[in-house]
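What follows is a group of structures, each given as structure tokens.
Two complexes follow with chain A in common, the first pairing it with chain B and the second with chain C.
Coming up: the complex of A and B.
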């Protein structure tokens, strides 16, 4: 009974925290994005005096937002998938094999996380030039993959280590092909990790600024590069709010989809002992 | 399906898990690999299943060398100690997994699976996930899943060690009955000597990576070849000494032995082969009433032996007791051995 009490209190506290941290800024962004240019929203008004979609129209028509959306919305999922695929072998080795230098390798792989994004971006840009990669889209994609690989490796190696040898052996023993072994013994255990890693890479990639800006300059735009353009010397909060909302839409959709997928997933990790 | 293991050795770095193991299993036989932990019995099972490639030697099934055959192509099925069920698949799907991999026609899979589930009393749990079942039920699913591929050899890796004592006895009997009914060859790994004696046609006792002795349960029990075997299986009384003119001098008196004269020999006898009254004598140091029988610990000099006499007898600590042994029941061991008592 007491335990239930505590969890109820915790649940309420977390709901409040989420409300203040997420719902209020989100609501503010929505309102700021709909402030009518003719009726500015200023103190002491609690709500904007007049709402309109004028800002949305302006941003849409005066910036390269359509191209930027195309870039960002495709960059994020492609970066997610590529990062997962490239991280999988390393994660497998970390999670399932023993080799000399493993502990060091696990630390070394985290180094990109320690470097500030701008530092990486500046030198990454010059590296790309000397490699002769001038195409902006693959260059930025490559940058994102390098930058977010550590997250994927980290998450997936934990998932790989949770796969039980016995279950893998059981599948092989019953005549399963490598693909079927993966489907029966690996995938159910890896699934939450795959989703989590994909979500993280997706969200980080869609809001990434340093590489997209430095490598992509001047002609390659993503949603964050437009967003930052409103946040510099010419600070335009209303337009920034519009872009920020556009930025967040795919994240929310992806969260909801993954949530649904994970819920329908069957219990994957099991002790096996009863 | 018959199985032959020839000079199989497995080495992990500098550690020899198996040193030249030889064994033959007849078609339809139920054999156990018995031994203390670390003796290599599970390693040997993994070699038979194909999960582990032996460093040396050959594995043959029905005369065919399968040493290089991958596990998925071998005609074996394993029952794991951890059950290793697929947690995201229902009981029915778990059992159907094997035949599906082996491309058995669909309607036959359905029939085979239903029949096995009925046989195991799992039909009412067919749509449940393994997590929802008890340990004994999960064990049955694991067995049904292994049998569903109609394997020539079923490998059991200590399948009962996660069950409580009562259930263990029950499942043990079920496994043996099923094996007789279906007729598969079984290789069963256990560290429990009672399990091995109760279930097997033949016991292979492993110690430090070699087969120390093999034979029918009775033979292993009553005719141990080495002091390790005598000690590991059941309770044994060991004496070390000189055999002369068919007797060995012990603190209890002269022990009749059927064996040639020798200087340093170990002899062994089981507590239950003793009879009360005879030319051996000692003082009772402890007695434990077990219902049907009475365990007596009898000392003389610096040695203690264990006797098992009918429960109708009564002894107090300190009583003198005389007992005798048929020389037929005293086994001369091959090694020099040791006496712990």
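Coming up: the complex of A and C.
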């Protein structure tokens, strides 16, 4: 009884701490984004004197945010689909084949994750310069595909390994064509993995800063590079607040969806067997 | 089709692309640091760019700074994640929400995280207004861009704690209750159980967390550029400055880039080794 008391008190205390850990920072950002241009928020006002969406309208109409959003949101789905298609064969080999050097291959695929992002970005840019590639969109796209390949391969190889051999064999024995075997035996098991892999590449591509900044700027702006421009030398807090929220809110929602998908991507719930 | 050929073909689009691109990028950095692929002049294989950097005070200062920030952030994140993971090991009322709140910052992009923190600690930010309001401080304290990098370390911990938490939680949850009960029955106190049961069994997860956080923090650009002290550089900000439009010193940037890769490697090996030694040591201490 006494132990339970203590843990209740602890839970309440930590909940408060986490409230300050998360709620205060986000509340400040929301308030800053809604400060009315005619009524600045300055010392000693604890709260902004007047709230309005005026700032959102101004940022939308006077900055290159619409272009940046268009760039980010056309880049991310393409990156997601390309990564998925390129990752699938490797994931199949990792998940369903045994071969010499597999363990090493599974480690090597992780290299993009451990190399510092800005080292990758700067020397990727140097490479592009030598090759004479000045087209920004395909360059950033290629960068994102390589950078996020490890995630797609990892998620999909788990999915591939969960496809059951007897279902595949049964479909074959019943005379199914390769496409029908894929549809009946593979696809139902792979589905959550496919969505999860697409979603994670999508979210990470939207957020990616190093390559977009080094390779893309100044002709190809994305949401993070716009945000950085408001946080750097010309610090515009209200504009930064608007862009930060536009960047973070959709991604947090997508990540929550992703977590659900990853939880449902276990063999028992997909194939109906343990 | 021979089997090995089949495997090779399967691996080519995914693994093959990664290997080709990443090895080209790494080779590029190394080659440029030794004067090859020189955009500004002739390609001459030399140590001159390394020498030049070794004589540059900013290079050493950035190296020290990135090493300091990365080590502190990694150790602090793991130290804070352990008690949280132990506490949330078994579900209880509200534990799901608590876990979700701990994990949430991991989903927040670095630039946004930096902006959120700046708002809270700025001259007229929440902390200053609050401390003055309750009367502990007479006037606002300058916390942004502090010389000791506390803001950056705070940001790293805010963003990386979830990673350490998730890795440790998974590892702690896989320790069977019977093992902990057995230790308790044999008279082991809380600390002894942690030291002699939990620590050795979660060593791998702790190593992974330390290494990943160290590498992430060593290569940091965003937090340094936004919340770091104005007169200091991290390796990543120094590298981009050298390469950027003002200098276009690709070779110098390459030296910094290669050093940063070295720092990540050395730091990762050192932290993993440190954990191994520490676990061995605490196991033997009675």
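Simple rule for what comes next: the second predicted complex is superposed on the first by the 212 of 274 C-alpha atoms of A that agree within 3 Å, B and C clash if a C-alpha of one lies under 4 Å from a C-alpha of the other, contacts with A are read in each partner's own complex, and residues count from 1 in each chain.
Quick note on the criterion: contacts are C-beta pairs under 8 Å (C-beta built on N, C-alpha and C of every residue); 3 or more make two chains touch, one makes a residue touch a chain.
Model, not experiment: these values are computed from the prediction.
*Asks:* For A:151, is the partner it touches chain B (first), chain C (second), both, or none of the two (neither)?
*Replies:* It touches nothing on chain B or chain C.
*Asks:* Taking the superposition as given, does A:97 touch the first partner, chain B, the second, chain C, both, or neither?
*Replies:* Second partner only.
*Asks:* What's your read, chain B or chain C touching more residues of chain A?
*Replies:* Of the two chains, more chain A residues are contacted by C.
*Asks:* First (chain B), second (chain C), both or neither: which does A:227 touch?
*Replies:* Only chain C; A:227 stays clear of chain B.
*Asks:* A:180 in the overlay: touching chain B, chain C, both, or neither? Say first, second, both or neither.
*Replies:* first
*Asks:* Quick one: is A:56 in contact with chain B, with chain C, with both, or with neither? Answer first, second, both or neither.
*Replies:* A:56: touches no partner chain.
*Asks:* In the superposed arrangement, does A:195 touch chain B (first), chain C (second), both or neither?
*Replies:* In the superposition, A:195 touches no partner, neither chain B nor chain C.
*Asks:* Contacts for A:164 in the overlay, against chain B (first) and chain C (second): which applies, first, second, both or neither?
*Replies:* Touch status of A:164: first partner only.
*Asks:* In the overlaid three-chain picture, which partner chain does A:172 touch, first (chain B) or second (chain C), both, or neither?
*Replies:* The first partner, chain B, only.
*Asks:* Can you list the chain C residues touching chain A in their complex?
*Replies:* Residues 3-4, 7, 9-15, 17-19, 21-22, 24-26, 28-29, 32, 37, 39, 87, 92-95, 97-98, 101-102, 104-105, 107-112, 114-120, 124-126, 129, 132-133, 140, 158, 215, 218-219, 221-222, 225-226, 235-236, 239-240, 243, 250, 253-254, 257, 260-261, 264 of chain C touch chain A in their complex.
*Asks:* Which stretch or stretches of chain A touch chain C in the complex?
*Replies:* 7, 10-11, 14-15, 18, 21-22, 24-26, 28-29, 32, 42-44, 46, 85-93, 97, 99, 105, 108-109, 111-112, 114-120, 122-127, 129-130, 142, 145-146, 149-150, 152-153, 207, 209-210, 214, 224, 227-228, 231-232, 237, 240-241, 244, 247-248, 251-252, 255
*Asks:* What residues on chain A touch chain B, complex-wise?
*Replies:* 164, 166-167, 169-177, 180, 184-185, 188, 265-270, 272-274
*Asks:* Taking the touch rule as given, give the residues of chain B at its contact with chain A in the complex, in rising order.
*Replies:* Checking each residue of chain B against chain A gives 49-51, 70-74, 76-78, 80-89, 97-98, 101-102, 129-131, 133-138, 145-146, 149, 162.
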